[in-house]
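Chain nomenclature is as follows: A, B, C and D, assigned in order of appearance, with residue numbering initiated at 1 for each chain independently.
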Amino acid sequence: MTSPLEELAVRLRGFAQARDWERFHTPKNLAMALAGEVGELVAEFQWLADAERLDDEAMARVRAELGDVTGYLVRLADVLGVDLVRAANDKLDESERRYDPELYRGSARKAPPLR
Amino acid sequence: MTSPLEELAVRLRGFAQARDWERFHTPKNLAMALAGEVGELVAEFQWLADAERLDDEAMARVRAELGDVTGYLVRLADVLGVDLVRAANDKLDESERRYDPELYRGSARKAPPLR
Amino acid sequence: MTSPLEELAVRLRGFAQARDWERFHTPKNLAMALAGEVGELVAEFQWLADAERLDDEAMARVRAELGDVTGYLVRLADVLGVDLVRAANDKLDESERRYDPELYRGSARKAPPLR
Amino acid sequence: MTSPLEELAVRLRGFAQARDWERFHTPKNLAMALAGEVGELVAEFQWLADAERLDDEAMARVRAELGDVTGYLVRLADVLGVDLVRAANDKLDESERRYDPELYRGSARKAPPLR
């Protein structure tokens, strides 16, 4: 059975094929498109105080930006043949080994890389 | 039934809670962390020619970066209460209306925003 | 008389020429390199509270990142033939017209674009 | 004598002061604003082929984006008390030691960090 995330990847692939846009969707170009969308996302938060919440209008824009970011990320992973959820879980396995819960409780300092 | 993506969100939430890191995980800070990881991802492609493929070593780094990007994106969406796949599908609905397949076939030009 | 910024542009040009790296220094690739360095810069601030200051070690890293960002920005502008200071002053002229000091005093809201 | 870059820093400082925006101009927020502008810059190049040139309209947008990027970079450096040109020259000194012209001629591979 396919997950909603896999269905999204298939839908994005069809969207690109229907417009003959696959020539533009190189990993390099998709990584740039992702960076552009993340830039727009970050810009929504830039003047916000730490504890400040987004108003409804900004929240709607942020949701749309998150949709754009997700779209390009899923498309990039599809083109590269990477399973995003598996890659994220692998990195989280690593973070669990690097960041001992007691040692790093409430601390934002960086752990040394695993050897 | 929960999807692998939802399971990842739950796992990331538990990871932050176990370390008392929720105070750091404001939407603003998570958006910055996402931007930082996307910067590392983009850097992997910067000197590559368009048609050039990543070698195995670079591909392993890109997969790890994609894992980091996915982790922060899923965590940010969880904190904001946004369904990423739904947000992406909503944007894709919009793109299908904006980009007529015949009119934009093989073209990289931008469509005007929907009214 | 050349300014220190112009001297830097000339020095960066010579650095690229001496290594036959001009083929890599397309505007597209330099924009990506700039994005990568800005990602590293942002990452230095991501877990910092609003009022929190960088410690000496982080400050040294930030200064080095600012050096990298400046280097790629100046190199990109040189390749494109853009005068950065003039471009910034032109945008500031525009911002002065868009943001009336009384109307926007202490406010982070965005002004409508100029017509 | 002040350079055009120093004059720009002074002008940006006055612009912020006149609007009581210094409270928003923390290093963290300015780094985010810089990232947002660099995202817009990168987006101008994302679907361009390697050898492809920007048309006049895109070039005008790129020049404006470079102005925005420069503005936030100069403002951030001013707030942190960093001399951008000196920081860039320091990094270039380092790159000259890391990248031997003969050894890295025409090569995009990364040198090991200096010890």
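To be clear about the criterion, a contact is a pair of C-beta atoms (placed from the backbone, for glycine too) under 8 Å apart; a residue touches a chain by one contact, two chains touch by 3 or more.
Quick caveat, the model's predicted, so the values are computed rather than measured.
S.K.: Looking only at C-beta pairs in contact, point me to the busier pair out of A-D and B-D.
M.R.: A-D
S.K.: Hey, which one of A-B, B-C or B-D is the same interface as A-C, over half the contact pairs lining up?
M.R.: Match found for A-C within A-B, B-C or B-D: B-D.
S.K.: Just give me the whole-number Å value for how far the CA centre of chain B lies from that of chain D.
M.R.: Measuring from centre to centre gives 25 Å for this pair.
S.K.: Hey, how far is the Cα centre of chain C from the one of chain D, in Å?
M.R.: Here chain C and chain D have centroids separated by 2 Å.
S.K.: When you check chain B against every other chain, which residues touch at least two of them?
M.R.: 24, 28, 31-32, 35, 38-39, 42, 45, 47-48, 50, 108
S.K.: Give every residue of chain B touching chain C within the complex, in rising order.
M.R.: So the residues of chain B touching chain C come out as 24, 29, 32-33, 35-40, 42-43, 45-47.
S.K.: State the interface residues of chain D toward chain C in the complex, per the touch definition above.
M.R.: Against chain C, chain D makes touches at 3-5, 8, 11-12, 15, 18-21, 23-24, 26-29, 31-32, 34-35, 38-39, 41-42, 44-45, 48, 50-51, 54, 59, 62-64, 66-71, 73-74, 76-77, 80, 82, 84-85, 87-92, 95-96, 99, 101, 104-106, 108.
S.K.: Quick check: in the complex, which residue numbers of chain A touch chain C?
M.R.: 28, 31-32, 35, 42, 47-50, 108
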